[in-house]
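Quick one: the structure is below, and I'll ask about it shortly.
Labels A, B, C, D, E and F are assigned to the chains in the order they are written; within every chain, residues are numbered from 1.
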Amino acid sequence: MFGLPLKESVMLKPLRSGHARELFELIESSRHTLRPWMPWTQQMQGVAEAEEFIANAARLYADNDAITAGLWEYDRLAGVIGFHEINWSSRSAQIGYWLGASFEGRGLISLAARAFIDYAFVELDLNRIEIRCATSNRRSRAVPERLGFLLEGMLRQAEKLEDGYADHAVYGMLAEEWSAKRPLF
Amino acid sequence: MFGLPLKESVMLKPLRSGHARELFELIESSRHTLRPWMPWTQQMQGVAEAEEFIANAARLYADNDAITAGLWEYDRLAGVIGFHEINWSSRSAQIGYWLGASFEGRGLISLAARAFIDYAFVELDLNRIEIRCATSNRRSRAVPERLGFLLEGMLRQAEKLEDGYADHAVYGMLAEEWSAKRPLF
Amino acid sequence: MFGLPLKESVMLKPLRSGHARELFELIESSRHTLRPWMPWTQQMQGVAEAEEFIANAARLYADNDAITAGLWEYDRLAGVIGFHEINWSSRSAQIGYWLGASFEGRGLISLAARAFIDYAFVELDLNRIEIRCATSNRRSRAVPERLGFLLEGMLRQAEKLEDGYADHAVYGMLAEEWSAKRPLF
Amino acid sequence: MFGLPLKESVMLKPLRSGHARELFELIESSRHTLRPWMPWTQQMQGVAEAEEFIANAARLYADNDAITAGLWEYDRLAGVIGFHEINWSSRSAQIGYWLGASFEGRGLISLAARAFIDYAFVELDLNRIEIRCATSNRRSRAVPERLGFLLEGMLRQAEKLEDGYADHAVYGMLAEEWSAKRPLF
Amino acid sequence: MFGLPLKESVMLKPLRSGHARELFELIESSRHTLRPWMPWTQQMQGVAEAEEFIANAARLYADNDAITAGLWEYDRLAGVIGFHEINWSSRSAQIGYWLGASFEGRGLISLAARAFIDYAFVELDLNRIEIRCATSNRRSRAVPERLGFLLEGMLRQAEKLEDGYADHAVYGMLAEEWSAKRPLF
Amino acid sequence: MFGLPLKESVMLKPLRSGHARELFELIESSRHTLRPWMPWTQQMQGVAEAEEFIANAARLYADNDAITAGLWEYDRLAGVIGFHEINWSSRSAQIGYWLGASFEGRGLISLAARAFIDYAFVELDLNRIEIRCATSNRRSRAVPERLGFLLEGMLRQAEKLEDGYADHAVYGMLAEEWSAKRPLF
């Protein structure tokens, strides 16, 4: 029902239980690109797990701990993006995101992340946004780099993926620098 | 972050905890018009109760039992509208709504209710929408009547208000008749 | 342990977990008469579901949201009757009921409903009792009609049954009129 | 609504939230006799605590862990009696009870306990009933002794009362011996 | 991480989820000795049940209702011992325990129980410790007898085992007598 | 009951509810040193809050999400240390710690942290330990530096303290390097 148009053909909308099949099918069709970086998608083996994912996201939103949205292009679900690890006392949050295989390469995530960051600094009054990527995931790292984030650390073996431990690149953006760095696209 | 524009100056947005103060102030400034029909607003005596109301609405949404939205006019919260008593097995829901005193008389609720009904029949695949009003609440009854609902019953002493029991007018709209009756405004 | 004798051979008793088998067998032997009007009985495929039904009824009672009783004739469970949708702020409740196939036609439900209504108005201090029946369920509608309820509305397509949507006849009884209308049998 | 008549003027009924005031007033008027043996009654300082007690008893019943009843004499609440520590795998339970000060001395508890024991052995298929009393509480010990229970142990300093630790007399009754020992009164 | 050395080769440690396999294997290898006295071990048919047992013990500890420890001999889990039925208002607790078949006969349980009792009277400020054994379980009864407990009662048919009901011997120890009776080993 | 001796006079023990007063008094006597770095200690205004802290730590332990211990020197509680943000799928955890004002300067935290890290790599089979300190908190940063951790990042404005935002120094230690770097003291 609700949405945030990003450009003519692209929209962010909250996920609801009616989207479970579409979400599952997006994951199913993208296992080859998702699996190396997001091992948890292997647990998603049916629509029921997708429903549980959506219900859980709604509960985290109700508890003010996370904000998750679906990213739609021309009425097709293209990916998921959101804030997690929201820390209200320190006014910071992480952004996480992923895109279906056939939607890559058109800048959709950068567009959506920019909208989330605008919202974080303007509406939620947050002070710091963090993005973490496996150091070898070049596609994912391109997002914070294009958005002007600063690389603040390289955490060794911070995440266990299928092929072993991956280092994390940690990027940060502060409220005070966003207006200067925010890309217009 | 998300919204549904209804016309240039009017928007539906999900309530979030950051709106609690605004919600409380809207109720506070409208007690003279809300109190006779919505006795529960008397329990709302501070921002904490408004926060609890919003958190509860988010929980009901997470459990797929209700959908609640704030109605904004030029960045000012004007009222609240939503589905409750959603019955998924019978595919029906009730719509409830209220408006702050200074926002009355401009058709905002009819506009918002029409959007909710569109959404119910098109996206949620519901079959029946019900609206219940105290029979003597003329302003509230004007909404289903303007939207083409059929009066299906008059339930005696169905609700206890401050001045005693009120009868309920029950209005219904079916999916099969909405396209013909839906007003264009 | 506890009971309410209605006449020599008939008694209302709270359901407890020890009754699960008897409840399941009553449903099992009455599927042909229950199925058209109560689609949820199709989910009851074993004693475990009957136990869950009874535990849930006990929880609703503990939360003051419903009161459910078994109806016994000569030590055989004949049916189930109770208040649901108890609205304490408006002091109203609905009565729901069903009877095993071999117990129909002897006025057992009317007898039990009369006892529930006495209890509602005298002990619980309720103000309004509502009974809803599918319009084509003549046996069920005979109960409120025999008890002197007023038909207050006909809600279109209010419930989804196996063969499609059914309209609901809504009957109401007020505390102030019960003593005059209450049948003696 | 439900009840179990014990003799003409005496009845067992499940407690419900509407009884909270009556329960509180019974405790209030009996503090001098209850306090030495039931220190927890000191926490009952208002109707809210009595409501919480009743809601908790209903929850324990819903979970099949306890069965609590009020004991009424001529429409006045006289005391509370029930099973707690129900152990379904070993098919045993304890009986606990107390009476308001002005209702003592007329055998009400023995009458009610006999009904509970009948119920335990006949309906619930339990095998053992236990009653524990402070050794110096002569009034309380008279109940199992009148009902034919066997004294099976004296547990030293088993309970902390206001004036220090009390020893417990433990009495037991088995299903196989009840029919022979059951008093007729 | 934490432990309580009892003698050179023997230690008490809290169970954690990583011990589930070891716990399951200990039960599996001791079914012939455990089964007659502890029917619940029959429900333990895999590592998942052992994990659930450990998680439940942790929850009871978090709620201050029980304290459970594993007993290790030279890095091998030998048995489980702990307080249950802790009654803080009466400052009493029961001790329960069991040992794997191959660890019997070396006094491990008496050693561990002595440490628990020391802890109960010195650190937890309890006043009474109770041990209950099936009267025919001679190995189990040897523990309280060796530790100087007093036999306070014989409860008939207090527990249902595989071969029928067993009587319980109830043993008690008071804080005031422990220092005189405590064995040095 | 359980403990881990670190050297003759120093021990780690799980916190239990009986320690609440001691914990509160330690915080109370150290507010001048704790307040600048741990704003949450300001919420600890009585023994009840300390009890809630301990109960919460026990719940996190039961859920396998954190491990918290008190640090004792000669029977006096000196501080608190533990794992939080345990990530079992990536096998990493953070260590957090604080010391009462009068216990500083004697290397107690380094001693305790070394024991926690030993435990993490040997018993819990973790792969990475992280320590985060405000960059200007020299005392706190000395701990990972003394233990051989690598500084992996400087996260800007990562935490809100009383005087404004503080940057975080992030230190990491991997399982594969611990045996070489582990200090003997």
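Quick note on the criterion: a contact is a pair of C-beta atoms (placed from the backbone, for glycine too) under 8 Å apart; a residue touches a chain by one contact, two chains touch by 3 or more.
Here the structure is a predicted model, which is why all the values come from computation and not from measurement.
Between chain B and chain F, the least number of touch steps comes to 2.
Contact with chain B and chain D alike is made by C. Chain C and chain D touch with mostly matching residues; of the residue numbers seen at this interface, over half occur in both copies.
Superposition angle, chain E onto chain F, using Cα atoms only: 180 degrees, a multiple of 5 between 0 and 180. Here the spacing of chain C and chain F, counted between their Cα centres, is 60 Å.
Separating the CA-averaged centres of chain D and chain E is a span of 31 Å. Put simply, the C-alpha centre of chain A and that of chain C have 50 angstrom between them. Annotation for chain B: no residues touch two or more other chains. Chain contacts in this assembly form a single closed ring in which each chain touches exactly two others. Traversing the ring of touching chains from chain B and stepping first to chain C, the chains occur in the order B, C, D, E, F, A. Looking at the complex, you find that chain A touches chain F at residues 39-40, 89-92, 127-128, 130, 150, 152-160, 165, 170, 172, 174. If you check the complex, the residues on chain D that touch chain C are 1-4, 12-14, 16-18, 55, 58-59, 61-64, 67, 69, 115-116, 119, 123-125.
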